[in-house]
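Okay, so here's the structure we're looking at.
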Amino acid sequence: MPCGEYFTSYEERMGLIRWRIERVALVLGLPIPLIAPFVLTGELVSVFTLVFIFGIAVLGLHVMLSYAGEIVLAQGAFMAIGAYTASRIVNEAGLGLLPAMLIAGLMTASVATAFGLPAGRVKGFYVAISTLALQFIAVQFFFRRGEFEAIHGGTQQSMPGEIGLVGDALAIGSANEEYFFALLMLVVFALLTMNLSRTGIARMFRALHENDLSAQVLGVNRFRNKLLAYAIGGFMVGVAGALYTIYIGFITPEFFSIDITLLHYMMLLLGGMGRVWGVILGVTTVELLNHYILQTLIDIFPEGTSLEPMFFGVIIIVVLIVEPKGLMAALGQLKEYLRKWPYAY
Amino acid sequence: IGGGGSGDNTALVGGIHDLSGATSDVGQPTGRGTRDALAWANENEDLGFEINHDWVDYAYDVPNAQNHYNSLTSGDNPPVIIGWGTADTEALASEVARDEIVYISASYSDKLLAEETPYNFFVNLDYTSQGRAHAEWIANNDSGATVAMIHNTTPFGESPVDGTEAYAEELGLDVADNITLGLGANTADTQVKRAMDNDVDYLIHQNTAAPMQVLMSSISDLGADITVMGLTWTVDEFRAQSVADAFEGVRYVNTNKSWNQVESESPEGWQIIEDSFEREGHDMSNPEIANINYVRGVAHALLAVEALKRVDDDGGDIQSGSAVREKLIEMDDFDARGLLPVTLDYQDGDRRATMFGQTYEVSDGEMVPDQEIELPRREEWLP
Amino acid sequence: MVDAAGLFSVLVTGIGIGALYALVAIGFALIYKITGVLNFAQGQFALLGAFLVVVLSTSVPFWMFDVQVPVFAALGLTVVIGALLGVALERLVFRYFIGEPVLSVVIVTLAFIGIVDGGIRFFISSQYRAYPEALQPSWSITLPYDTSVQAPFVIGVILALLTVAGLMAFFRYTVLGSILRASASDQQAAMVLGVSIERTIVVAWALSIAITSIGGILLAMSSGGAGFTIGDITILVFAAVVFGGLDSIPGAFIGGIVVGILQEFGVYLEEFLMPGLESVLPMVFLLVVIVVMPYGLFGTERIERL
Amino acid sequence: MSSGQADEPPVVELDNAEIVYDRTFLAVQGVSMSADRGDIVALLGPNGAGKSTILKMISGIGRSERGEVTRGSVYYEGDEVTNAKTNEMVDRNVTHILEGRRVFEDLTVEENLRCGLYRGGRRIRYSKSDYDIAFEYFPKLEELLDVEAGYCSGGEQQMLVIARALIHRPNLLLLDEPSLGLAPKLVVDIYETLREINREEDITMIIADQNAKETLEVADYGYVLENGQVELHDPADVLMDREEIKEFYLGTSSEESRYSEIQHYKIRKRWK
Amino acid sequence: MSGQSVSQSSAGIRGGPQFPPEEAVLGCRNVTKTFGAITAVDDVSLAIDEGEWVSIVGPNGAGKTTLLNVLNGFYDPDTGGEIFLNGENVTSDPSYKRARKGLGRTFQGLELFEEEDVLENVMTVRAVKERPNLLSALLFYVAGGRKVEVENMRRVEEILDYLELWEYRHSTIGSLPLGIQRRVDLARSLALEPDVLLLDEAMSGLTFDEKYDMVRFLADLHEKEGMTMVMIEHDLEVVTDVSERMVVLDQGAIIARGRPEAVVDDPEVQRIYTGVE
């Protein structure tokens, strides 16, 4: 129980920023991403843009996996659906990015929900098959076949260099603009997820995750809530897919392989399931680690770049041996200490 | 490394190679060829400028390519980037067009010849024309044979199918249904059986190395009497040697010379390779690197250097991609120090380097040069 | 025209390739059954097996060490090394995760993907490596409709069947087998009966990697040599195992076969429908099955009581 | 003290043991106790008193919950076994029946019993006759052999775990809450059976249970724990006559029943 | 109190319910539940009156828990069986609907949400009653999601205080002694504000004091709220002291029902269940 500080009202207790340390961290941390692009190399700006985009996608996974406990293996497919939808909205309808993202999200959400239907009967790892099937259907087949051009609008599509947020207004094109827009989106979705996590909806997700039998007997509608989780998660991943198109500027099915799914699992689990901050921490760590290991190898041992995944893997394993519950848990202990500071235990 | 610091007399030449990713089996020799040749040019050419090759091994993972591209373009844009394959080339095509950066890569899809991508250049027949070259060879040597395309279902795999089939029919060959063979296939038995049922004599194969192996081993297992004609990525000296008998009789087409050809025919180009192998300590006797793909990489580098040199000689701005593009269009006497069997001739409306294909036939593990095919340079073949 | 001969040969090829998937799938199911871990690097261990044979039996060196032993010694050695690798992994990695959430071990397996793949590319070769003559048996058996089955498939089917039979007997009729299943269902209760969790982990991984590397070797044999596509079968295998019921050995076997058949059938259908079905057909079929049988073919059903 | 020769050391002995979880939570402090060969020793006390903890540290399974004997020591047949590994203790024929009927749910009753034969992997083969001892005391199990243990009722499961432990041929048997959630009749039966086993097979037992009445009836000696310390210890018969025991554990002190007057008990909070 | 209408009916302890289940707060007619060969519940008809306190006893495996499971819809009864809640036929309702219609439940094996703390456990069930819609949840501050949560938390805190759980608010379930866990289980079902409470061995494994507390709370709920109680319990002392009516199950069938004093003295019951003669 908190002994350093205490709350005077329920509202306060439900606040996002509850402890002094969190306030401090926020004040110190907030400016960093805002000034970053002006001090970082173009490469890092780009890396962080990717971090933000994947961050949103992994938040979606986080809702489905850490809250609802659904093993979803279609990050690639979801992002593809989002990407192709967005591309059509932008290129053909010319509505601009924000509508594109919205529709992409809704489209993905509905497909996700459809493939979540088996969750009504199937539990645990078995349900993975459903979304795995989607991954294969969408990426190995549907988006590759010209026969379905009427639906997906072409197996390969490229985005204009400049895209207006709404129609042609407020165009986004330069690396920095992409950076800030992605950042903004990540913040928005992080906040939405945090809100979700402190309301009854997420509680019911978790309850079904931890003990679906008693949860149902105590009034939780399992089927409805599982589908809701798929919808929310799917929406977020779809939006990430849409952002991915402006980041890469070109889409082709190969960009959305199962590897993305595995990568996102790595990010989520490394961060430590269950916490929004964990997601962001995980995504950032994985991307930066990969980036720096690769750069270091190119600089000092260019013939050995194939060792990159090896070093990465070993580091991950060592980290986990030190703190098997993930980075967030490690930070949590530090935070506990600081929160109580200067009071003794 | 990071951002591109390029003073007035250094030309920043970006590099996006795959040395460790899914396509590294061919990407590694190519990438090394490029890197070595650029280093060689800095040492041995009296360029009025220094080439700064800022490269990344993107491991065929697009975001890495994107990140490096953004880093290259975060300063003032480099005039040239030497890229690698389908993934990076197509992902960046529209961006290089916007940023006016010449992008030389080994992605030969004829889509890249379109107006929308004026800054993409490659040193080979486009995939479709490679298929056509094979068809042409059949027409010349075995008219009346039945031919079928075999390919994977990615856009890369699909790209040459229609064009090749159309030309084959035009040449009066029987064209059987095309067959797909997945990138990750572990057996091709069913595909080969199907080809046999359709009495196919020649399979024109657009794929990567791995499926080619699978295809060849299924063919020899089933004892099918089918000649496989591979496009760019299916054959090289290493494969021809290491699985000699499976590859016996395989036909191949390309527009840069094979290792042995260079060694025997083009002393000037050979010099570059010898020096580079010396300097880098590569092993001449190891076909994993000493092969046609290394030559390919060197050719890419030389093309970039040549264009930059010409810009510099005319007092142009070596930082400017459009200036470099100018020169590429002007050039019509470039044969990469003999690494290419012909001279390239890019035109503004028609960026096909050449319509010339050198065909090979594998026998006892050697890629033996065979006929040279000259295709008509037809307008309607452009996208 | 759908002809019996064609379908039959599809079936045969499907079973052949399926048996090789099955061997890897069995390895996957073993680890899950005993330790509850999904090993997303299963394909990479198959890949490793395939490449070790090359290292041991040809002049291809491992980094700077060039060993070369007779082919059949190489095969044996590979399987043994696979088993030893299992032991080593327990010592170096898994023992630190005892009592920790299973998911953290799952990330470890995700990390293995890169470690093995990158390791092979750097220390052995990033090229397809042809197998020596001795490992490219030319014999094949001929079945009705003169469809011939190539040697690796025949061997694969036989070995897979033997493995399944052996493991089923082991789990059903031996004390050790029962206690392994027991410790999967309640670790503590098994420990007070004298089980050491470390040992169960060793058994699981050693057995699994050994069996998987056999699968990898055969996959390589069937395509003339070791290539990196072998590593990509993990997801396919995962699907096969879920279909069979995750912790069921016979299930994994049947799952592997079914996936193999459906894949080949998908290729076959190209002629009549459209290409690309080989990757969709298995998945869609498995999805349907799972909806009908939520615990796969033979998966142990979760006991739902309040 | 009761049966068991004076000269041989007690089967288990705790000497002023302190047990800590997670290096932070002090569960048991300065407990000294012992069990002589052939005795049944009762551990009584409210929830959280530390009964299970003591058993867990004797069998070593506590280590898997980050439990540790931080002070004092544990002896088994005279040898020090403080913080020993579980499988070491199993090799010394100590068997622990954990709290809450820990059957292997998805194994059949027969396979559950078979697991009892596992002795550090030494037993590979087995025969039906190995189960005789189980059926001797729990004939009902013989009918259930092929039922999945998870579907057995509470009583059946309790019988199964005891039987499984018997097949393990223990010298010392640690039982944690064997009567938890069992119907009164069954409780009586189980305890009678335990007594019988203890006599016939000469198995020393330590029983931690809420159900003081039944436990003390079969026990030779009893310890009463309260928040981690021994409050009282005496031969069982002596304990039974103590007032405080009657008061708090046996509930036989006052004649009129105790729950009925709650109706008139003032509750401090309001509902709604 | 409300119970007497029933307890007077000393029409022997055999025979069916003393009034039709349709009219009961909670009732069932001809309910049978079989699992393969096992008949867990065998043609049981039951009618529980408003504000009544009924105990169900019987040997292990008699089918007590299964009966509760059928009553609140965790299992469907075999065809023919009917369940009534507040006079409404709910046989076709899934369990979560019955819960929302006022059927609370505790569990023999306390199926708590282990990873969460006490507060979260109760808040979760509370969310079933007062759930913010998705939008207001996502926007939280703007669209009133916060108001709902605050209201829920206030309510939950009341329940925790009532059950004297305040000090455990933030401790995770795993670390709590059994007695407290059972109380949390109760708190959880109270968050539903049920009309009927089904208690499955809510006191097994508890010490005298803890049982005493538990009974205190139940008695108070029964007294002051007139909450209807259906309690499975093995401790006959509790049963006889608190409950107004008693039902004895054996092998799925009701073998005796009626006033506790009458039932416990029945030799048949003693033979099968109590064992004392």
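Every chain is named by a letter (A, B, C, D and E) in the order it is written, and numbering of its residues begins at 1.
Keep in mind that, in the parts below, a residue touches a chain if its C-beta (ideal position, glycine included) is under 8 Å from a C-beta of that chain, and two chains touch if they have at least 3 such contacts.
The structure displayed is predicted, hence computed values, not measured ones.
Chains that touch both subunit A and subunit D are the following: C, E. Note on connectivity: the fewest chain-to-chain touch steps from subunit D to subunit E number 1. Contact with subunit A and subunit B alike is made by C. For the pairs C-E and B-C, the count of C-beta pairs in contact is higher at B-C. Averaging C-alpha coordinates per chain places the centre of subunit C 44 Å away from that of subunit D.
Averaging Cα coordinates per chain places subunit A and subunit E 42 Å apart. Averaging Cα coordinates per chain places subunit B and subunit E 75 Å apart.
In subunit C, the residues touching two or more other chains are 118, 121-122, 126, 275-276, 279, 305-306. Annotation for subunit D: residues touching 2 or more other chains are 151.
In subunit B, the residues that reach two or more other chains under the touch definition are 20, 24, 153. In summary, the structure contains touching chain pairs A-B, A-C, A-E, B-C, C-D, C-E, D-E.
Interface of subunit E with subunit D (complex): residues 35, 38, 57-62, 108, 158, 161-162, 164, 177-179, 201, 204-212, 215-217, 219-221, 223-225, 234, 236-238, 240-242, 272-276.
Listing the residues of subunit E that touch subunit C in their complex gives 65, 69, 74, 107-109, 111, 200.
Subunit C makes touch with subunit D in their complex at residues 99, 174-176, 178-179, 181-182, 185-196, 199, 300-301, 303, 305. Remark: subunit A residues 1-2, 10-11, 13-14, 192, 195-196, 198-204, 206-207, 210-211, 213-222, 228, 232 touch subunit E in the complex.
Interface of subunit B with subunit C (complex): residues 20, 22, 24-25, 28, 153, 177, 179-180, 182-187, 189-191, 193-194, 197, 209-211, 213-214, 216-218, 220-222, 238-239, 242-243, 246, 288.
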